[in-house]
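Every chain is named by a letter (A, B, C and D) in the order it is written, and numbering of its residues begins at 1.
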Amino acid sequence: MIAQYPPMGWNSWDCYGAAVTEDTVRANADYMAKHLKPYGWEYVVVDIQWYQPTAQTHAYEPFSDVMMDGFGRLLPAENRFPSAANGQGFKPLADYVHSLGLKFGIHIMRGLPRMAAHRRLPILNSDARCDQAANPNSICAWNPDMYGTRAELPAARAYYDSIFQLYASWGVDYVKCDDIAREYPHCQREIEILSEACRNCGRDIVLSLSPGPAPVEQAEHLKQFANLWRITDDFWDEWRLLKAMFERAEKWCIHAGPGHWPDADMLPLGALRQCYEQDGEGPDAGERSHHGWTNFTQAEQRTMMTLWCMMRSPLMMGGDLPKNDAFTLKLLTNAPLLAIEKESWCAHPVCASETACCWIAPRKDGKGCYAAVFNLSDEERTIAFPADALEAGCASATELWTGKPADGSLSATLPPHDAAVWQITY
Amino acid sequence: MIAQYPPMGWNSWDCYGAAVTEDTVRANADYMAKHLKPYGWEYVVVDIQWYQPTAQTHAYEPFSDVMMDGFGRLLPAENRFPSAANGQGFKPLADYVHSLGLKFGIHIMRGLPRMAAHRRLPILNSDARCDQAANPNSICAWNPDMYGTRAELPAARAYYDSIFQLYASWGVDYVKCDDIAREYPHCQREIEILSEACRNCGRDIVLSLSPGPAPVEQAEHLKQFANLWRITDDFWDEWRLLKAMFERAEKWCIHAGPGHWPDADMLPLGALRQCYEQDGEGPDAGERSHHGWTNFTQAEQRTMMTLWCMMRSPLMMGGDLPKNDAFTLKLLTNAPLLAIEKESWCAHPVCASETACCWIAPRKDGKGCYAAVFNLSDEERTIAFPADALEAGCASATELWTGKPADGSLSATLPPHDAAVWQITY
Amino acid sequence: MIAQYPPMGWNSWDCYGAAVTEDTVRANADYMAKHLKPYGWEYVVVDIQWYQPTAQTHAYEPFSDVMMDGFGRLLPAENRFPSAANGQGFKPLADYVHSLGLKFGIHIMRGLPRMAAHRRLPILNSDARCDQAANPNSICAWNPDMYGTRAELPAARAYYDSIFQLYASWGVDYVKCDDIAREYPHCQREIEILSEACRNCGRDIVLSLSPGPAPVEQAEHLKQFANLWRITDDFWDEWRLLKAMFERAEKWCIHAGPGHWPDADMLPLGALRQCYEQDGEGPDAGERSHHGWTNFTQAEQRTMMTLWCMMRSPLMMGGDLPKNDAFTLKLLTNAPLLAIEKESWCAHPVCASETACCWIAPRKDGKGCYAAVFNLSDEERTIAFPADALEAGCASATELWTGKPADGSLSATLPPHDAAVWQITY
Amino acid sequence: MIAQYPPMGWNSWDCYGAAVTEDTVRANADYMAKHLKPYGWEYVVVDIQWYQPTAQTHAYEPFSDVMMDGFGRLLPAENRFPSAANGQGFKPLADYVHSLGLKFGIHIMRGLPRMAAHRRLPILNSDARCDQAANPNSICAWNPDMYGTRAELPAARAYYDSIFQLYASWGVDYVKCDDIAREYPHCQREIEILSEACRNCGRDIVLSLSPGPAPVEQAEHLKQFANLWRITDDFWDEWRLLKAMFERAEKWCIHAGPGHWPDADMLPLGALRQCYEQDGEGPDAGERSHHGWTNFTQAEQRTMMTLWCMMRSPLMMGGDLPKNDAFTLKLLTNAPLLAIEKESWCAHPVCASETACCWIAPRKDGKGCYAAVFNLSDEERTIAFPADALEAGCASATELWTGKPADGSLSATLPPHDAAVWQITY
C-alpha cells in the first residue's frame, strides 16, 4: 500500500523557497543517502515554482513566463534544472535520486497555468483545450500562476491525467499538491479528480495536500482521497506556532493510520532561508528574525520531534541538509524515537493545559507503550505523566532523549519548552 | 453639480445582455429623443462587454479575444459598433446621442483586462505596465475579463486616468462601473482611485457603482465617492424581488440627496431579453419564464414606478424602447409622478408589514407632500394612509395614477401588488 | 391620541436610583410646575422599586420584602411614600401632581412579583393564581423582583389587567415598563398583553418600554404596541455614549411619528446620583466619576439637546430639578429649540463621519426647515452644513443656541463636542 | 481511586421520571443484586425531584412545596420514601442498597431551593443565609426548583459543604448533579465548589454532571473536577439520537480514562415511561410514541451497547429492571462485551460515513484488540473492518454478539442499524 507509514524526507521550501535548483536538490539527496537513509528518511521533494525561470526568493512574480509544453504542462526551468534540457523534465534528476536508493517528489499547484488558458493550448489526449478546462473564477489567493479547473468537466480530469502521466514517466514518487486542502467545499471535486488521476497513472505516487488547516469535518473525505494533508497553515520556527500545534494534534490524532496521515508540516530545523541574502526579506518579514538558522531552541526541537512522532505526523526536514550541525543530525537519527512512527498506534493526549501536556501511545505489538510529557511553560518544570493514565502498568521505562531508565515514576524536570518521552515495557 | 437629481435613462442590459449593438443603441436613443426626452429621460447607456466581438447572449466567454488598444484600454468591438472603426471608439456614437439632445453612458468592469496583464502592455503616461498595476489575486466572481488593480500603487491610478481620459475624449457622460459596490472592504481604495480619475478627467461624468447590495454601513463612503450605487443584486421582473426592495428602500432612503443616489436598479419593463432566441436561456433560467416581455403585472409596474419615485431612485429603463406598448409608454411619461423625484425630499416609510406599506415624502417647496400606499398582499385590499402620519394636514389631494381627487381620506382599494400615490396640498 | 408629540418630563432614576421618595417627587413636581411647564414639560415619573421599603441606592436587594396587596399587586413603600398609607397607593401623589397641572407616571418591571408566585396569591377577577400566571423560567437578568408571565395564558392578561386597573384608579398617566424592550422574541407576546391591558384600562396612559437597545427589526411591532421604546441601553453622562447615540438615531429616525417615538433615554443633566454618599458607588463605578453633577460639558449638553430634538426623542430630565443651575434651566427652556419636537418631521442625517454630523428636518408647515451641525471631534472645528443638501434653498436662518442670524452660509466654528442648529425660512 | 472504570448501574429517570418511589428503587436494587451484580452493575440511582411530594410524571410543578430541613437542604418526600420518616433522609434506603452489596446514588440540581432563598433560611455551619448564597439571576431553563449560587462567595461553598455532609451521612456513593454540564462559562466556578465539597465530605462519592452536551473545549476542566459528564442532551430510544451519538463519541473518545468518563447517557432499554398512564404524555410528546417499552429494535440495542462499551461510556440502565424480558437481560449480561469497558483503552473510530462506522480499541494487556463495525444505514449491508487499520495483525477473532469465530476477514452482514464486534488475539 502507498504510505503505509508516515513518509519521511526532505523538502526544499524552508531553505530555498521558490528558488530551489538542481545542485541543491542533488546535494541534499547525497547527504540523505549517506547520513539519514538508514533511519528511514527517503523522500527528496522539490517544492514550488520549479517551472519559473526567474524565481529567486520566497516571493512570486505574477504574469511571468513559466516553462511549459504545448499541452500546458509545466516543465522544470532549464536554467535552474540543467538536466531537464531537451524536454527530459525531471526524469534525469529522479533517476539520480533513485540511484541513491531514495524517492523523488515534486510540488504542484492545483489547476492549470493561467498562461495555458489564455493561450488556449490543447490538452493531451483530449478534444478540449486548457481554456475550456480552466475555471476563470477559481484562483489561488497567494500564488498567481494557475487557474483552478472546472472539475465537473471531463476536460479537467483529462488535464490532470496528462500531468500525472508525465510525472509517472519522470519517475515521480510523491506529489504535494498545493492550494487545495483547506478550500472545502470549493475544491472537494477537484481533490477527487486529482486523486483519481494520481491513482490511475500507472505508478505508486504518494499524494499530499496543502496548505492547511484542512477542516477536521472533512477527515473522511481526506482519508479517502489523499495520503497526507496539512492540518495547519505554514509552520515555521516560532514557539507560538509549535505550541499551537498541540491543539491541532489533539483534534486530528484519531485520524492517523496506514495510508492516511494528518501532516503537521515540515521540520524547520538547521539551515533555513538560504535564498535570502540579508535579514528582513521573505514571508512574514518583521515577525521573526531571518537569519539562516532555526530559531527553535534545542528544547523546542526535542518537543517538535517528540510531538510529530507521537502523533505519527509525516517527517519532512526543511533545513538544508548538508549544513546540518551535529545536534541537528543527532536529532534526525534518534532511532528509538523515530520507531514510534512505525510501532505505535491509537495515540492521544491524556491531559493538556496551558503549561503542560501528556501523550500516550500504545505499541502495536502489545509489549508496552510510549508516554510523553511536554513543558509548554516558559519556566523549568517537573512534569509527571499521570499514573492513572497508564492503565496497563509499567514494568520498566527508558527515556528516549537521554537514554536513561525511569526510576519509579514517569517524571521529568524539564527546561522551558522541552519534552521527555518514555518507552515503557509491561 | 453632477447628478443633482436622480439620473433617468435607458440601459441595454435587460434587453440585450452582453450582445448589445450600435443599431440597437441608436434605435433606443431615437425613441428616447422623440418620446421620452420631454419627461426628463436623457441617458443612453451601453452595458457590459461592448469590447467582446463574439458576445451573443447574457453569458460571458472566458479567455476570448477582447478589443483593446496598445495601452490595455478596451475598445468597442467594431463588428458590433461599426462607427468605432479606425480607432474612433465610442466618439461617433456619443456624438450621435448628443445630437439628439441626450447624454451617453457606458459600462465598465473595475480593473484592467487580464489579457493586458498577461501581455504586459504599457500604461499610457506611466512608466509602469499593466501587469504591474494588476492584482493577480483580485478577480470578479462572475465575469472572467479583468483583474482588479493594486489600488495602492500609482500605476493603478495611472491606468484609471488613462481610461477616463479616453472616455472623456469620446464624450462619455455616464460611467457604470461594475464588480465594485458590494466588495467592501477589498474595493474601498479602488473605488477611491476610480472616483478620482473620473473627477479629474476634464469632463462631467456621472459615476455609478454596481452591483449591490452595497453595504449600508458604507453609505458615507459611497456618498463621497460615487453618484449612484446599487442597493441590491440584479433586479428582474419578479414580484419577490420587487417586494424585497421595500426593505432595501427603507434602509437606504435617508441617504438619497443631490449628487448621491441609492440605486434600486433598472426598470425591467416592456420588451426584455431580446438577445435570446428561445425561452430558458440566460441568467436564472428555470426560475422564471423567459419570454421577451416583462413578467410584471400592470399593478406591479405601478408599484415599482411609485416606489422608485418616492425613494428617489435613479430611473433606468431596461426594456427595448422601440418595442414599448402604449401602457409602457404611459407608465414612463406620468409627469406628475416623475416630478416626485425632483420636487420631494426626506421621504421614508411610515408603516410596513408583510401585506402593506405606506410612504411619505414632503415637498421641498413646503406646499404639500406625497403619500403612497402599496398593497403587498396577493389579494385585493383597501389600504388607508394613516391619518396620524400626515402631521401637517391635507387640504386637498390628487391620486397620480388615476388623476382623481381624494374624497375625504387617503384610502384606496387596490388589486394585488398595486399602489396609489397622492399629491397633497396643505 | 396618546403621545401625539414626544413626551417631556422628569424621571427619578438618574438622581435617586431605586431610593426615590415622595418628598423628592413633590419637590421636582413643584419645580416643574413653576419653571418648566410653560415650555411643554409635563410628566413626573417615579422610577424603579417604589415598592421596596429598604432601597437606598441604585442597587437591588434580592429576596427582600416588597409591598404588595393580596392580589400580588405592588404598592408604594409607605415609609418612602407616606401618602400611600391606608392602601391609597399613588393616588394622593398623583392627585397632587395633577393639581399642579402636570401628569403622573410610574415605572414597572414586566411580570409579577416572585414573592406573589411563591406565596400563590390569587389574581383579581380571575380563577387563576399568581403562581399559575408566572413563568418560573423567565426572569430579569439584572433585577431580582419579578417573574415574567406565561403570556399565552389568560391568567397573565388577567394579572396585567388587574394592575392597570389599579394604576388607572390612582390616576397614572404614564407607565414605563422595564425589562421588556430588547428581549425579542421572548417578550413579544408579553408586550402585546401589556399593551392591551394598558389600552383597556379606561384611562389614557402613555406606554413606554425599556431598556434598549430595542431591535430595529421590530420597529413595526413596537410602533403598534407602545408609545415609546428605548433605542439604547442606559444612557449616562459620558461622551462615548452620547457619540454612539448618533448611530442609533440614524437607524431609528424614520420610525418617529405621532403616537410612536424612539426614545434616546433620560437627559443626565444637572444634579445626578443624589442617593450616593460618596464617589465610587453605583452602577459602572470606576468607569466614570460619581460626583453629583453631570459630567457633560456645556457643549456636550447642547449637542445632546440638539440631537434629541432633531430626532424627536422624548425628553425626560434625569437631574434633580430643584438643584438646577442657571445654565441647566436655560438649556431646558430654549423654546425655539424645543419647538423642533412639535413643528418638524421626516428628520434624518445628511452626512456623518467620525468627526462631524449634519441633520436636516423639514418643517411641517412648509415654511422652512431645521439644519443642525455637530462637532464630534475632540478639537475646535468649523463645520458647514452641505449647501447641496438644502435642496429647497434658504432665504434666512437663525441659529437657535446663540439666536444669531446666519450670514450667508450655514457654518459654525464649534468647540469640541458642540452643536449648532439653524431655523431656516424659505 | 474514584471511578477507576466507567460506572455501571440503574437510574430511575427513564422509567419513573420525577415520580420514582422507594418501592420502585428497592425492587430495582433487588433485581440488580440477583441478576446483574456479577456482571459489574452496582449503582442504584434515584433521579430528580425525590424531594417533591406531589410529583407524578416527568413534568415539574413550579412553586410547589418541597421537603427541606431548616438549613434549606432538600429531604426525600416521605410520602414517596417512607423510610425517610423522622428525618432519616435516604440513610435507610442507602443502607438497604448497601446490604445487597450495591451502591447508592442520588440526583441533585445545582444551587439551592428557591424556597430556601425566599424564606431566608440559615446555612449550616455558616454565618450566611441561603438568600445570600443564592444568585437570583441564575436559574435552570427547564426546572423551577432552584437558584444557582453566587459561587464566588464562601456562603455558596458552605451550602454545598452542608449538603454533601448530609449525603455522606446518608451513605450516598454517587451524585448526579444536573443543570451544570453545558452551562459554561457561567457554571465553571459552581462546578469547582461543587467538586470541592464532594471531595471534602469524608466519603468517596462519584460526581456526575448533567445535562449535555458539555462543551468539548472544556474537556480538561471536566476531567479535573468531575468523574462523569454528559456529552449529549437527554438520550432516548430514537434511532436519530443513537445515530447522532457516533459523532459525539468521535469527539470525546480521547478524553476517556480512569476517573474521568464522557457519558453517553442512560440506556433506554426494556420497560420505560412507567409513570405515564397513557401514550402522549411526557417530554417530547408527539415526537415519539410513548408506550411503555423501548422503541429500539434489537439491532439498535446491540449497536448502542457496542458503541457505549467501545467508547467506554458509563452504563446506566434506564428501564425498570424487574420488567426485563429475556432479550434485555441477555443484553445486559454479555460478559465478554462488558469486559471491553475494563480491558481496552485508546479507542477511536477508524472510518465513518453516513452509512457505516468502524471502531478500534487496543487491549491494555497487549494481547489483542477489539474491532467493531456498525451498519448505520436503513438496509442490510455487509461491512468489513478495514484490514489496513488492524496494524498489528489478527491471529484469531471472535464476534461477541454471536460468539462465532471470524473466518478470515472481519466482515459481517448486518441488518439495518446493527453492529458486530470482534475480540482479536494476536
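In the analysis below, contacts are C-beta pairs under 8 Å (C-beta built on N, C-alpha and C of every residue); 3 or more make two chains touch, one makes a residue touch a chain.
Bear in mind the structure is a predicted one, so any value in this text is a computation, not a measurement.
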| item | value |
| --- | --- |
| Chain labels contacting chain B and also chain C | none |
| Reference chain D; chain at largest CA-centroid distance | B |
| CA centroid of chain A to CA centroid of chain D, Å | 43 |
| Inter-chain centre distance, chain B versus chain D - centres from mean C-alpha coordinates, in Å | 64 |
| Inter-chain centre distance, chain A versus chain B - centres from mean C-alpha coordinates, in Å | 51 |
| Multi-chain contact residues (two or more partners), chain A | none |
| Overall pattern in which the protein chains touch one another (line/ring/star/complete/other) | ring |
| Chain C residues touching chain D - in the complex, by the definition given at the top | 62-63, 114-115, 117-118, 120, 131, 134, 136-137, 139-142, 144 |
| Of all residues in chain C, those that touch chain B in their complex | 1, 4, 220, 223, 250, 253-254, 257-259, 345-353, 360, 362-368, 388-389, 391-392, 426 |
